[in-house]
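For reference, the structures are reproduced in the following blocks.
Both complexes shown next keep subunit A, but they swap its partner, so subunit B is in the first and subunit C is in the second.
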Partner chain A sequence: MSASEPVRVRLFSVLKERTGQSEILLDAGDVDSVGAALSALGRTYPVIADYRRWIRPAVNRAYADEDTLLKSGDELALITPVSGG
Partner chain B sequence: MSHERKTEEEWVRVQERPLDVSALEAFLRHPRAGGVCVFVGTTRAVTGSVVTEELRYEAFSEMALDEMKRLAAEASVRWPVLRAALHHRTGVVPVAEASVAVGVATPHRADSFEACRFLIDRLKETVPVWKKEIYADGSTEWVEPGKTDQG
Partner chain C sequence: MTCTTAGATSDGDRFLPSPYASPSNHSLTLLPLSDPEKRRYGRQVLLPEVGIEGQERLQASRVLIVGAGGLGSPLALYLAAAGVGHISLVDDDVVDESNLHRQPLHGTADVGRSKLDSALERLKDLNPHISVTTHAARFTSENAMGLLQGHDVIADGTDNFQTRYLVNDASVLSGVPNVHASVFRFEGQVSVFGAPGGPCYRCLYPEPPPPGLVPSCAEGGVLGVLPGTVGTLQATEVLKLLLGIGTPLIGRLLLYDALSANFDTVSIQRDPGCPLCGDQPSIDKLIDYDAFCGLEAVPEMTVVELNDRQARDTAPYLLDVREPEELQLASIGGTLIPLGELSSRLHELNRDEELVVYCRTGVRSAQAVRLLQDHGFGRAQNLKGGLRAWSLEIDPEIPIY
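And now, the complex of A and B:
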């Protein structure tokens, strides 16, 4: 995987609806952890800052936390409270 | 659109078309099973005094399949699960139709009830699927358990 590949952020449900984005690409050099990515996203999209305490981040499709490190090519999904069933 | 993963012991699926509960139940049959327990969750029209016209489900399908497989594996550690299946419907689900179906086969019935209960309870907590209520008065709302608007 090339070093220039971005971190691919996936949005669903309320965050997708309120940001108008289902995917946001971040420069992997700028965000080395999930927490850093959430802070960067929160500055551009206030709704992500508002939801931050309820977001369960998932990295490469497995639940993670704000301390989880990100690298080039990772996929970060912002999982708001789920309501399947 | 549908996503699925199927082995001889496990069948997980996320699909837009109506769920086929008979196919799920047939999959669970096993010569060493003494009990098959299937739970079918259906969309409810009335919650308290609020009337729902329809529900729309959205899934992060690839991760939902991973999580459902993880839950099936977790159930197999706790109970002697011979087969497990978890299916979720996405998109518009009209009232009274099945939005989710989960089932297990175990040698004895008590384990099948417990494992099935575990699977549906955990699915509702961890599998990345979201429900939007479309109310009779035209308003809509994403259901967000545990979220309050208190800062």
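And now, the complex of A and C:
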């Protein structure tokens, strides 16, 4: 991975709908952890701040938590529970 | 307990425990297939992974389906068609016209009937070789363990978080795996929870979101075919568990997006700290239905009341828990402490003062009020509906963002 490659944030369900974005690119130099990424996203997209406690992050398709470190080129998926049936 | 299908005799019984599907107190008694059953299931029996023995295993299996709606339709239809010998259905709803676009278990003539009556009729017609039991009730903490008893798998086709957590808890406490699916607009999630060594729903989502945060199908809408796609994936996982074949979705969450036609799989692990299935569980019985869903309200003040109090010069102390960037977009004043900083900045606030907390919609501020209450701020209240309500009811000059 080149150092300039961004962190690719993928949004699902409610977060995708409320932000109008399915994918957001973050500068890997600005966000070194999942928590930092969520804080940065929450500043731009208040809905992410609203949901933060219920978001299950996954880094490179593996379940992660707010302390999980991010590096250039990582994929961060933000998953929230849905209830419909 | 040995469980047999209706009309079973002991002739030709064989005992074969399934790797995932048998709780310790429940063993399968296999019976030979009849000629009509051999004809009916022939194409499935042809699969070496199924065979005669797999089909007999299905015939001896018992599945509890909670909910006879969007997910319950494909679940019940395909499990019945596949020859799952006993299906129990729990639902307390009646068929509504607005159900029909996604619930093909029911027909137009069934509108106004009990979903269970309609389902029973359809399933009997679809496969007379199986038995179906219906329970016209909500799945509650009072009846959950009783309803689950004697089943090999529970399939969660419910439409609300309360029942989903209850299904999960009952699954873990009874050792019966929970095949989970849920849908939202164009997307679905599928996984297998409560299987030996695998995670449970609480490992993935430790607590339910507060009411109103995640829209239901009624509020958010749903593409009619979506629960069909997701419910058939769910039915597939049920069959795999019963047959003991393939790689079940244990420890994996399958995400399906119909619009982009993408399937994603995220790996999830059992959380050793999970209060339900962790190493030192604190939940050893079903929790009261309403209490664990965050339904207990925090004290609230309406925007009208706040406006009156401000006009009468008896305004409470106002605390804004949004992010600094949001302040530029709209504000009704007060002290700004972002929710994430609140716990470390409590010393800036007076515990004895009347405190009204607000954010954009009232969700973050409700969390803030709970946090404040936990730290002895007995007079903290939430501004109901937040800035949004203020804009709609008091001052349209405040932009909604």
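As a convention for this text, the second predicted complex is superposed on the first by the 81 of 85 C-alpha atoms of A that agree within 3 Å, B and C clash if a C-alpha of one lies under 4 Å from a C-alpha of the other, contacts with A are read in each partner's own complex, and residues count from 1 in each chain.
We adopt the following convention: a contact is a pair of C-beta atoms (placed from the backbone, for glycine too) under 8 Å apart; a residue touches a chain by one contact, two chains touch by 3 or more.
Model, not experiment: these values are computed from the prediction.
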Broader residue contact with subunit A after superposition on the shared chain, subunit B or subunit C:
C
Subunit B versus subunit C as contact partner of A:Val14, first or second or both or neither:
both
Just to be sure I read the superposition right, which of the two partners does A:Arg43 touch: subunit B = first, subunit C = second, or both, or neither?
second
In the superposed arrangement, does A:Arg61 touch subunit B (first), subunit C (second), both or neither?
both
Scan A:Gly84 for contacts with subunit B and subunit C and give back first, second, both or neither.
both
Between subunit B and subunit C, whom does A:Gly73 touch in the aligned arrangement: first, second, both, or neither?
neither
Is A:Pro6 contacted by the first partner subunit B, the second partner subunit C, both or neither?
neither
By the touch definition above, which subunit A residues appear in both interfaces, subunit B in one complex and subunit C in the other?
12-14, 17, 54, 58, 61-63, 77, 79-85
Residues of subunit A touching subunit C in their complex?
12-14, 17, 22, 39, 42-44, 46, 49-51, 53-54, 56, 58, 61-63, 77, 79-85
Touching subunit A in the complex: which residues of subunit B?
41, 57-60, 62-64, 66, 88, 99-100, 120, 123-132, 142-147
Within the complex, subunit A is touched by subunit C residues 67, 69-72, 156-161, 164, 181-185, 187-189, 204-205, 207-209, 213-217, 220, 222, 227, 253, 255, 257, 260, 264-269, 322-326, 339-340, 359-361, 363-364, 367, 401
List of subunit A residues in touch with subunit B within their complex:
10, 12-14, 16-17, 54, 58, 61-63, 77, 79-85
